[in-house]
Each structure stands twice: as structure tokens, then as C-alpha cells.
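In what follows, a single structure is set out as C-alpha cells and then discussed.
For reference, chains read A, B and C in written order, and residue numbers begin at 1 within each chain.
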Amino acid sequence: MSRDHILHKVRTALGRSAGQPAAEPPPVRLCGPQSDLEARIERFLNAVAGLNGKTYRARSCEEVRDYAARLVDGRPAVASCTPVLTACGIHGLPGVRYQFSTRDEFQTACAQAAVGITGADYALADTGTVVLLASHQEPRMISLLPPVHLAVVPKERILSGLDELFTLLPRPSELTSSLVLVTGPSRTADIEQILVRGVHGPGEIHVVVL
Amino acid sequence: MARRVSLFVTCLVDQLFPSVGLAMADVLERLGWKVEFPEAQTCCSQPAFNSGYWDEARQVARHFLRVFRDAEYVVVPSGSCGSMVINHYRELFHKDAEALAETEALAPRVWEFSRFLLEVAQVEDVGARYDGVVTYHDGCHALRELGIKQGPRRLLARVRGLVLKEMDVAEECCGFGGTFSVKFPEISGAMARTKIESILRTGADTVVSTDSSCLMQLRGALLRAKAPVRTLHLAEVLASR
Amino acid sequence: MISIPHERFERVLADPALQQAIYAATGRLMEKRREAVAPEALPDYQELRSQARRIKEHTLENLDYYLEQFEAEVHARGGRVVWCRDGDEVVDFLTKLAREKNARLIVKSKSMTTEEIHLNQQLEQRELEPVETDLGEYILQLAGERPYHIVAPALHKTRYDVADIFSRRLGVEREEIPERQTRIARATLREKFLAADIGLTGANFLVADSGAVVLVENEGNARLTTTAPRIHVAVAGIEKLIPRAQDLAVFLKLLGRSATGQPLTVYTSVLAGPRREGELDGPEEFYVVLLDNGRTRLLADREKRESLFCIRCGACLNHCPVYRKIGGHNYPWVYSGPIGAILTPQYFGAGHEPWLPFASSLCGACGEVCPVKIDIPKMLLLLRREIGRSLAREGKGRWERWAFRVWAWLMTRPKLYEFAGVAASALAPEGSEGWLTGLPPVLRRGPLAAWLSQRDLPLPPGRSFRQLWRVRSRVKRV
């Protein structure tokens, strides 16, 4: 069979035998976090803005809700069920849907929504990245199908960068089937290297830090 | 007593650009070095090595090792030939312990000319004068195999009357590439023309480099384009007063 | 003599618009990369490169171990690993899967590995409908062309070309503004995403300790491909393994920066298995196809194994002065530029398109920028040697071999070498100020003529250095 055939060829090429353990891998290279929270928040917001994302620093749940309300503006929107959105009362806003009984219903709602609202499991200050772990509370399509994505990021979730993320989550796949790093709005430069936003994913991203 | 240097002028300079070798000797002598030219020298073996003829390359490389065995310093007016000895002889001889040992013994004494001036002779100002606007072309092997980037510029900066103007693509290959230049003439020629456009944009009247092979390519293409720009080896600029 | 496709090079060189397009696009990517890896932006860039290389080296040296670990992890998360020796086995698997699941429409995100086995054409022949969803790939699929560049596949297409292609193939009105062209693609492809049963991707990395497929992209099409359809199939070469999810920190920092100068691309997905209990979306089935297709042969070659380190960032293409002149389609296989020049002969054997490793000035720009430190120039040199030997076995390239033999003989005999120089100098024709512009018609062949076809040739100046040196020494002594 192909499996055994390929493994056999690999082992022959390497001079290894079946069941032989691997040599000691090079030590993992992760550097520890350096900056304090305020500095991280600031860096994160700047990085998002640098990617053409809209940013807002909310002092309270009400401010988050007001921001979302202004953005949704009564149009159809889909929100995830992540706790921060519940706490901010996002689900009560007019136009916002968050409960679905079937996948098809959910997909249709996302495809028709003007805005998708998610939380963020983490954020990366260095790169302006929103980190989303798919779960029963945080499905994937909300940050993907609507043309506008609003991510509400609890400030203590802002890490410095990839090193800190993978220090905290050494094996993310144990927690989730899908870890997605979102860094700015969807973009392409495939035609004459001209930047166009929103080719398949959201062309607009809003990040509110609470 | 003056210290000795042995010149390895390269076959290209020997046959086609002898003034480069003479200039190099002049500069070194002015700085108080006793300059020798081992007459048995020929080529570093690079043409064969780069073309895949490693057996032939080894013969010529062994000859080189023999000729320069007792040299205190070997100074080369070429980053490319210098790198051949310093870096590639090891690959060439990786299965020949004896030649490998000779390589290891000799390689640390082989110096590209500009680096020799700066690191061994420890001079930046060689007392030269050149009235002109100069642009410097980074030879690929000098730059990427020997890490020579600022050195020649530092030397040029001390030349009286000389104005250095950088190209926008100083690090881009001139397109020479040894046999590449005649196996793929249309690509090689196109590369040279791109480089020349960049040279002309600087408004310089002279292109300077550490390698006569690049300069041969550039000069040939400049002449073909009827562009009134000179080419000079770094040694020639440093020898002029 | 090896035959070299000079006319094809000439055609690209003689097209000023295309030349400009290639040079500008690659130049921009070079510039962006340079800024992104500058010491101010990424102080530990060189250490990251070394670490990336170490990890790749280690993984390949223990590849069977990591493949099995990966397989076990995928199975543990409810996915399935499918091993394929070559493209045919991939096609068989997909055809069977599609039949079983009653699927026809397959959305695809950019994957060089599937290009390598001409998967689209194969699937179409089996009545399936694969649709490329990366904008560049989509344009090329409509145009019926292969990628011009491993990162920017439609680099050679202008907006006017795209306008032609879209109006011809999609029946839309001619539209020349990239922003609107993108909207057209978005609308057309959105329908495909929502209707497709199978999403087919490649993989930038496979993570052994997680059973995860990692996808790196900017458009969101890979996310859609792996989210909307019920089934996700990732097709990846066996060399894509890395041991640990934590190693991603190193590779992700290098990949985006080397490719486009982005510290991170817009989307990075780490996908492991189908959707889990309670999840509302995500695929119900998850397959990873592990493809050999010649990779084990490369693996066996210790000296050149490092070609398999490649993470397909495209930096070596952008920095290659030869690629920048002849473009992507002059390379015989889907992998173009320096990495193509070393992979192609390694996959197909030294006798296949033997000119390829020689089409380089050995400037070293590729090796300098490669994020996993593949010594591409050294690979080219080794391949040149190998090709020389294989030609010799076939009794080809005799003239050149003789020339080098004579040359070596001469170069180890200084007196004869000097004499040859004197003779050449005596025989040299007249030039102007030491340079020659052309040759008489009878001599218009061989290397000298090739040189003169592009530039003037220096003539021997009458006396060689060694002759002048003797004179100089005599004068000095007096």
C-alpha cells in the first residue's frame, strides 16, 4: 500500500528503521513578553490602524454597545455568543442575530449580514492581529462572510506577539479545530499589484478594545 | 624590513587588463609592502568549477595551492577569484584530505585587495586623487560570498576629488556570470543593460568595482550603448594621483 | 551541445510591457521584504533563519517519525490521512470521494502542490468542476495558464488582460478597474463557495504534534474553502511537516515577510480535524493527502536534500535577475526561478532540460534571501556537475568537455599558458581602442560571437601582466 511504500522509501532514504524514535529536536525558540499592558494596548491599536483597520478604545460595556449600534445601524448583523458580547449587550441591538438552530440558517444569515461581530480569544500587539479559536460560542463564518467585521477585544487578552501566543497555547489544536489569526482586512494585490480590500473576506475591520 | 605580499592577479587581469595588476602593485608598494609576483600562477580554477568540471578544476586548484604555498599574504584584485580559493576550494576538495589541509592553511592568507588594505595594511587613505563622479558596483561574489560592502566605499571616500554617487541597484548582478555570459547571451546582455540604466541615472562618469570580470561586462555593454562612462578597477582609482 | 530555448527568452525580452511588469512587480516585493527584515523591524531575523533551517533539517532527517506522529494526531481528532505516491493516486482518491459524497463542485485555494500534478485538468477529465478561488489563480484558470510566480501567480497579467479574460469567460461587461474586477470575482466565487461540497487546499505547514494543517493567505479564500463546504481536503507534500505548533512562531515570522513584506499575512489558519462537538460551522470531514511524487528521491540525496526545506515564499524569484528577465513561463515546470531551477532537475533527473541550472550568473541573491537558508547557488553547482557527468555518459557535450580538459592542461603549465596568451594576442583582430565591436561573418559562431551579440569585447593589450611585470622589475632594479 502507498502508506507503507512511502514510509519505506523515506526510511531507506534516511537510513532509519520502523519505530525508531526521532533525534532530539532543536529547542523551541520563543522569546518572553517584555512590555506592560498599556504599552501593548497602544501598540495593538496602532498596528490595526496601520493595516487600515478602524480602532476604538472603549471605557465601558456601554461604549462598546454604542459603537456596535452605530456600526450596525439597524442593518442585518450576526454576532457570536462569546461572553464579552453578552456582557456588552450586543445581542439586544436591533438587527443583530445570534441564535441559530441549523447550520444552513446560520450560513444564510452570515451571507446576508452587513456586519459580523465576534470577540477575540487573544490579540497580538506587534502585528495588530485578532486571534479567534473556533468553538460552539465562536463559529468561523461571522468573521468571514459579512463585508464588515467587528471584533471586541478584552484588553487583558492582548499579548505582545506570536511568541507569547504559542507560549500560552503550546498545542492550540487540543483546544480548537480552527485557530485563525486575522491581521487586517481581506486583501489582494493579484492584479498589477494594486491593493484591493475585501476580495473574499471582510474588506473592513473594526477593533474595539475594552 | 618591509613585509611581503604575493600578487595573484587572476588570469583575466594577466591577459586582458594588466593595468589593474600594476595599479595594485603600485598602491601596495607605496604603502611600504614588498610586492612579489610568483610567475607560475595561472588561474584560480573557477571557470571549470562553475561549469561542473570539478576534476579539471581540482587540477588547476592544486596548481594554485602549490604556487602560493609559501606566500605570507596573497592579494587578489577580485572578490570572485578570492572567494573561489577562500570558500569553494573546501567543497572542491572535501574528499581530498591533503589538498583540504593545504586549503585550510592557505585560505586565511588569501585577501581580496580592498579588504587587505583595510584589515591587514590598515589604511583607508592611500593618498590617491581622482577627479570625477564615481558610482560603485558591488560584485556579487565580493558582496555575498565575502561580505564586502562598505570597505571599497570607505576607500573611495578618502580619494581626493572623488564624488561617490550610489546607484539605485548597486547590488544587482551585472549579468557576467562566466560562461553564463556566452551560453545565455541574451539574458546576460539584458541584465547588463538594466545595470547600465542604473549607472546612467547616477550621472557618474566612472564605474568602479573590485572585479575586472564585472567591469569587462559593463564596459563592453557601455561601449555598445555608446555611453560615455569609464570603467575602472578600484586599484586603478587608488593608484591614481 | 545542450539545446537552449533562446527564441523563447528573446520573445519575453522583446516585450517591453511584460519586462516592465515583471521588473516592477518583483522590485516592489524586494523592497517590501527588505524593509520587513531590516534590523529595526526584525532584529533577530538571522537567528530566525538559522532556527528555521535547523528545524527543517531535523524534521527531514526524522521524517518517518513525524509523518506517523502527524497521522496519529489527525486520526485522534477525527480526520483521515491519505497517502499518495503520485498525482494519479490523488486523482483516484478525490474522484472516489466525490462519487461517494455525490459532489461535483470543488472549490480550491492556491496550492503549488496540486499544480505540480496538474490536478485541475485531471479532475475536469473526470467530470468534476474544480474552481480556483485565489484571485490570481482564478484569472489563470480562466485563461488556461499555469502560475507565473509561486506567490503572485498572475504577475504577468495586466488589468487589460484581466478585462479580456473576464468578459470572454464570464460573459460580463468589459471592466478595466482592478477594484471592480475584484468585485466581479468576489460575487462569482462567493456563489461557488456556498454551493461547493468539497474544499481543496494545499498546506503551508503540517504540524506533527497537532495533526494540523496551516494555511497562510491574504484574501480569505482559503478560509472560505475550509469553512463553507462540508468536506475539507488538504493536499500536501510530505516535506511540509514541522514538529511542533510552537515552531510556527519562527516560520510565520519569516514567511510573510519574505514573501510580501507582511509581518503576518491577513489570515493564518491552524486547522485540525473536522468541526467539533457543538460547533455551528466548519467541515464535517477532514482529509489530509500526503503526497510523495518524487520527494523521497530527493530525500535520499544527502547533498541536495535541502531543496526540500523550501517554504515557497517566492523571495528567490523576486531577487533573481534571470527570473526578472525571462519571467515564469520560460521555466519548464510549475516551480520557476531559482527554486524551480534546482527542483526541476532533481524531480525529473539531470537529463531533463539540462540547461536550467546553467541559466544563472551565480550571483547568489537567491541564497541570501532564502528564509530557510537553502544554499541555492551551491545546489546549482552540484547540479551542473551532475549534468556534466550525465551528458558525458550519453556521449554529449564532447566539445566543451575537451575544451576544459585542454584548458586545465594549459593552466597547470605556466610557460605554455603564457605562450598561448602571446599567440592569442598576435592573432587578435584590430579593434578600436582595444575593444572589438564585431567579427567578420565567417567567424560569427561560438562563444566570441555570443559575447559580441550583446556587447563589445576587450582585446589583449599586446603585453600581458607578467610581461609588463618583468619590464617593471628590471626598471626598478636599475
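The criterion applied here is as follows: contacts are C-beta pairs under 8 Å (C-beta built on N, C-alpha and C of every residue); 3 or more make two chains touch, one makes a residue touch a chain.
Quick caveat, the model's predicted, so the values are computed rather than measured.
**Q** If each hop has to land on a touching chain, what is the smallest number of hops from chain A to chain C?
**A** The fewest steps needed to get from chain A to chain C is 1.
**Q** Based on mean C-alpha positions, I'd like to know which chain lies farthest from chain B.
**A** Most distant chain from chain B: A.
**Q** Would you indicate which pair of chains has the most C-beta pairs in contact?
**A** More C-beta pairs are in contact between A-C than between any other chains.
**Q** Could you put a whole-Å number on the gap between the CA centroids of chain B and chain C?
**A** Averaging C-alpha atoms per chain gives centres 31 Å apart.
**Q** Indicate the whole-number Å distance between the mean C-alpha point of chain A and the mean C-alpha point of chain B.
**A** Measuring from centre to centre gives 53 Å for this pair.
**Q** Applying the document's contact rule, which stretches of chain A touch chain C when the two form their complex?
**A** Residue list for chain A touching chain C: 1-3, 5-7, 9-14, 16, 18, 20-23, 25-26, 28-31, 100, 103, 106-107, 111, 124, 126-127, 129, 134-136, 139-141, 144, 162-163, 165-167, 169-174, 176-194, 196, 198-202.
**Q** Would you pull the chain C residues touching chain A in the complex into a rising list?
**A** Against chain A, the touching part of chain C is residues 21, 24-25, 28, 44, 47-48, 51, 54-55, 58-68, 73, 77, 83-85, 89, 133-136, 139, 152-155, 157-159, 162, 178-179, 181-182, 185-186, 189-190, 193-194, 207, 209-212, 218-221, 223-224, 226-228, 238, 243-250, 252-253, 260, 262-282, 290, 292, 296-297, 299-300.
**Q** Show me the residue ranges of chain C that touch chain B in the complex, using the header's touch definition.
**A** 4, 6, 9-10, 13, 23, 321-322, 325-326, 355, 358-365, 367-368, 378, 381, 384-389, 400-401, 404-405, 407-408, 410-412, 414, 417, 421, 424, 435, 437, 447-448, 450-451, 453-461, 463-469, 472
**Q** In the complex of these two chains, what residues of chain B are touching chain C?
**A** Within the complex, chain B touches chain C at residues 9, 11, 13-19, 21-22, 25, 37, 39-43, 45, 47-54, 56-57, 59-60, 62-63, 91, 140-141, 144-145, 171-173, 175-192, 194, 216-217, 219-221, 223-224.
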